[in-house]
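The data blocks that follow each hold one structure.
Across the two complexes that follow, chain A remains constant while its partner is chain B and subsequently chain C.
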Partner chain A sequence: MTDHATVYDSVQHSQRRILRTLAARNLVGRPMRTGALLAVVTILALAFFGGTMLTMNLNTGMASMERRLGADLMVVPQNTAQKAEALLTDGNPSTFYFTKDIADEVKKADGIDQASEQTYIASLAAECCAEKLQIIGYDPSTDFVIEPWVASQFDGTLEDGQMIAGANVNVSADGTVELYGHKWPVVAQLASTGTSLDNSVFINLDTVPQMVEASAKVAKRVMPAEYADKAVSTVLIKVSEGYGAETVAENIKRLDSRFSDLGYVYPGGVTATTKTALNALVAYLTVFVAAIWVMGVIVLLAVFAASVNERKREFASLRILGATRGMLAGILLRESALIGLIGGAFGVGLASLAIFPFSALIGKQLQLPYLQASVPTVLAIMAVTLVCSVAIGVAGSLAVLVRIGRPEAYLTLREGE
Partner chain B sequence: MKNRLFAALPNIVFGALIAIAPQTFAHACGAHDGMMPACHYSQQAATGIGVVILALGIVALFVNPQVRIGLNIAAVANTLLLFAIPTVLIGICKGAMMHCRMVMLPTLIVLGVLVIVFAAAAIWMDARCARRA
Partner chain C sequence: MDSSNFAAEDDRGTALVEIIDLTRSFSRRGVPFDAVSHVNLTIKPGEFVAIVGRSGNGKSTLINMIAGLVRPSSGSVRIDGRDISALRDRELSLLRNSTIGFVTQSQTLLANLTVMDNVTLPAMLFGVSTEEQGRSHKIGQQPSAVAPYDSSTRQVAAGGTTASGTIDDPYMPDVIAPIRVEKQTADTVQKKQNNPIEDRARTLLERLGVGELAESHPRELSGGEMKRVSIARSLMNNPKLVIADEPTGDLDQASTDIVMRLLREQANNGTAVLVVTHDPDVLTWADKVYRMDAGALSMASV
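Let's look at the complex of A and B:
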């Protein structure tokens, strides 16, 4: 009796093992069907993960850019407004300036809460095989734009001759950046922002004359010597409560007739323009991903539905051998879940190969703030993509489940005789 | 025949791409003050490695499964060397926005990953086939 029970248990165990592996064996046994289903799910997962990552990175970049543009108004020299706007987004480094006396006059206008000066100098390529840098001179005592951001990563005082480097700046192993043949000590390197600030170095305004002198020694002087200690590229203004940036700009123009020719940049407007471009791109992406998903789901349903007729006899045979409808449902669900999981993993892998290594290139080509989302966010999106892929696979097989549940096994097996 | 093609074609295609890409669209940076940057030498080495992977793929078309396994292991080893050249052995420009870092390095990494994935799959298929024989 005990022997019989042991044999029965062994057979039961063996049957359970066969049923567990039957789904995988079915997939291997039908390579064309499995390949077609995998291809569809892979494309769906690729589109979903790729589209979501691009959208997420653009939004992260935009949020980062908004945090960095703390001024309501920038007053810049005549005909340099476009260069200044480009500096806020992703433009090339440039040098432009007016003199400090103009800046001092501008600050007297009505409606100004805070004002701070900055000086912009475009470097030569820093050293062999590095790109040009934007050197930004700022006044730590009055600054309200850069300092709050710098303070989160550097709590010391930026001394004369020292630098704070943006994320993309190539700081050598000895903690310096070589510019104009001189090694400048770097006291901190900032986190990536996804904007042109990543290719900038920050110095205090008293270091600007040193930089100008250094440029004169090794290359073309970046500005005449007499301007070195009084050059100001922009006056950043935070307006008082109750005033608009345009109103303050008008107040400045009223101070002196010459001030009408100055450039007035509204960072809020620049942000709004960038945001509009970004929203349009995100909308296109969403429509594209949605269209691919709709088509993909239709194709999946069609492939599963077509396989019903093909597999009727297979399932009928299993029923005659003693498989319950629940067992058949289990096999089908495992098959579709496996296809969803493997296809999802392929899609995520392929999209990752395109998105992560080429992140800098994508950011440059889009000409929009583009900042890689954090690792936990990326992992969460990967998990959601896999769950969606499995869900879509299982949903596709539901149609088959309903149909195989209906007919009698014997009749199905005799069909066509 | 199926296993033979699977073991050979990816190496032929990706080997050719690894050889061609650094000389065309995924090129290194230009000379700077008359000096060739490190990425130039990485580019030349990558092209050489690509040609070797391509040759391994061609040989794999004419040999038995056991030899194909060895050839694909060699392709994986070559790919690891391909990764090491721009990152450790020779290097590339340090600037994050330089062409070699933005295009050449990612292109080589992506092609290298694909070579490894397909070689691993081919090794598995050929090993299964060799066990059956």
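Let's look at the complex of A and C:
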């Protein structure tokens, strides 16, 4: 019994080895053809995965930006509207302000449901950060923009001297950020948004004078001392039901003739402009990827079809030995699936090398909100890419499968003689 | 005569190949012609049949129809009692794999496999099922896909040895011995690690004088060596019928003798052998010689 079992195992091992490795050996035995097929599938997978990731990250960034922009109208100082718009997307940190009495006046206009003040200070390059930091002072008692977003990660009250850090801010191990020679305790760090908010820290308005004083001790004072406790960069407004943002802006201008010179930013408009740019880019990407795939399928079909003649003798030989049409199809499908899988993995790998390490750079170059999709989403796209790559490989071999499905293998062999 | 002897006598009388009124028509430049025309032929187990004839007279088409590789226009082919035109692809493939050994005129070794893998390939195509494993263990035999060499009568070598464990004739060292399961001893532990399929392939290759090429690839072989490897491959599953299309085409005289002696021994062991050839030397090994002329088959005088 043991003898038979040993012999039998040995036989089965051989059977598995030859039949399972036949496809791989065929691929290794034809390095030029295999290389060409792999290159085509790699390019297809790279285009598909890269294009999909890019589109996905832009859409995620856009959705994230929309969620952050809860205000219908931002009132900012004269000539600073562009800077304010830039803050909403991915511009550089900046400092601009008017005084609190103006803000208080603005808030009296008709059609305002909620209003909250924010103060923006651009830091110098700090130890904590690769880039200049945007310091945002906000009023937790009236805020309706930052709090809902922060709530998911911090549900306490932001005390004086404390900070909430954006995703890209390096918080030291002791839970502080060193800024202007002072260690500021960080109570929460926010998830990535794909906008300049990732390079921001949030403090309450009462902490702004402390920050200004700290800056004066180690570097250039970020604003005159007398303004430190009354500087306001923007009044964020949520309009009442039935009012448009433009109408409320007009109402503000009517309050005081000086208010006509203020800047008025409509975040909804900023979103719409960004969306248009994003949609155009996504459309280009889709057409580009689709064109590459159509060309790729044609090339694959051509290469496989060309290999039919070359492989006639091989298939006929297998038929003569007793291989069924199903066995031949199995060998071919295994070959093409291997090509698809390996090419797909190469493509995903190459695209990943470009996309993941240079995520921030891509976002900056595109001038669009760009937010890396979640790990499960990325893994799902990788899986879909691999499945598509395998499917395209199998589709490419269809021509050969149809040919070997025909009877009279030996006639085919004689054609090849 | 006891009943088993009677049965053996009866088996020898049954035709392994029965061809009845077989015709295959083709069209050349719109003009139909019969490549094979109303051929009748019977081959019994152990019979060595040769077919001669000029090129283009339908010899290859005839043997391809016998192997089920080309469908006839009319008539029938029965192999081992089965009408092959009624078989499905899998049944026909299995028949081709287990009952027929085919040596093609052109080189059909797989370029990406070694000589050893090429020769063992026919034994690998239809796997051994768990059911077969259990059954073979129960009755104490090798699995059927491993050793279709179990018939004690068909495995008897020219010298008269049997598969049941009797001693091989020392004067017939070149007999392809049947596979046996040896008693477990310290000496046989290593042997048991060997694979009986590879053992048989190696024996065949050595028998044909190409044993040292087992690990080579076909591209490293001469035409004659490839032909001998093809013959080893055709005998791998110990077929009941060997069909060879010009088996000595690329061979020198010494190699021709080796090949023909081997085919003759197969016939002596009960295998039906059908050879298509131009080589007059081959005809001396045959029991019957037919001539194929314009698609028609007739008995030839040798």
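By our rule, the second predicted complex is superposed on the first by the 394 of 417 C-alpha atoms of A that agree within 3 Å, B and C clash if a C-alpha of one lies under 4 Å from a C-alpha of the other, contacts with A are read in each partner's own complex, and residues count from 1 in each chain.
Keep this in mind: a contact is a pair of C-beta atoms (placed from the backbone, for glycine too) under 8 Å apart; a residue touches a chain by one contact, two chains touch by 3 or more.
All values reported here derive from a predicted model rather than from experimental measurement.
**Student:** If you stack the two complexes on chain A, which partner ends up touching A:A39: first (chain B), second (chain C), both, or neither?
**Tutor:** A:A39: touches no partner chain.
**Student:** In the overlaid three-chain picture, which partner chain does A:G322 touch, first (chain B) or second (chain C), both, or neither?
**Tutor:** Only chain C is touched by A:G322; chain B is not.
**Student:** Please indicate which partner A:M295 is in contact with in the superposed arrangement: first for chain B, second for chain C, both, or neither.
**Tutor:** Neither partner.
**Student:** With both complexes overlaid on chain A, does A:V28 touch chain B (first), chain C (second), both or neither?
**Tutor:** second
**Student:** Contacts for A:A395 in the overlay, against chain B (first) and chain C (second): which applies, first, second, both or neither?
**Tutor:** Neither: A:A395 stays clear of chain B and chain C.
**Student:** Counting residues of chain A touched by each partner, does chain B or chain C come out ahead?
**Tutor:** Comparing touch counts on chain A for chain B and chain C gives C.
**Student:** Looking at A:A86 after the superposition, I want to know if it touches chain B, chain C, both of them or none. Which is it: first, second, both, neither?
**Tutor:** Neither: A:A86 stays clear of chain B and chain C.
**Student:** Taking the contacts chain A makes with chain B in one complex and with chain C in the other, which residues are shared?
**Tutor:** In chain A, no position sits in both the chain B and chain C interfaces.
**Student:** Which stretch or stretches of chain A touch chain C in the complex?
**Tutor:** For this pair, the touching residues of chain A are 1-8, 10-15, 18-19, 22, 25-26, 28-30, 313-314, 316-327, 407-411, 413-414, 417.
**Student:** State the interface residues of chain C toward chain A in the complex, per the touch definition above.
**Tutor:** Against chain A, chain C makes touches at 60, 64, 67, 69-71, 89-90, 93-98, 102, 104, 106-113, 117, 120-128, 133, 136-137, 140, 142-143, 145-146, 181-182, 184, 192-198, 233.
**Student:** Can you list the residues on chain B that touch chain A in the complex?
**Tutor:** Contact set of chain B toward chain A: 29, 32-33, 35, 37-39, 93-98, 101-103, 105-106, 109-110, 113-114.
**Student:** Quick one: in the complex, what on chain A touches chain B?
**Tutor:** 125-126, 128-131, 167-168, 170, 198-199, 353-354, 357-358, 360-361, 364
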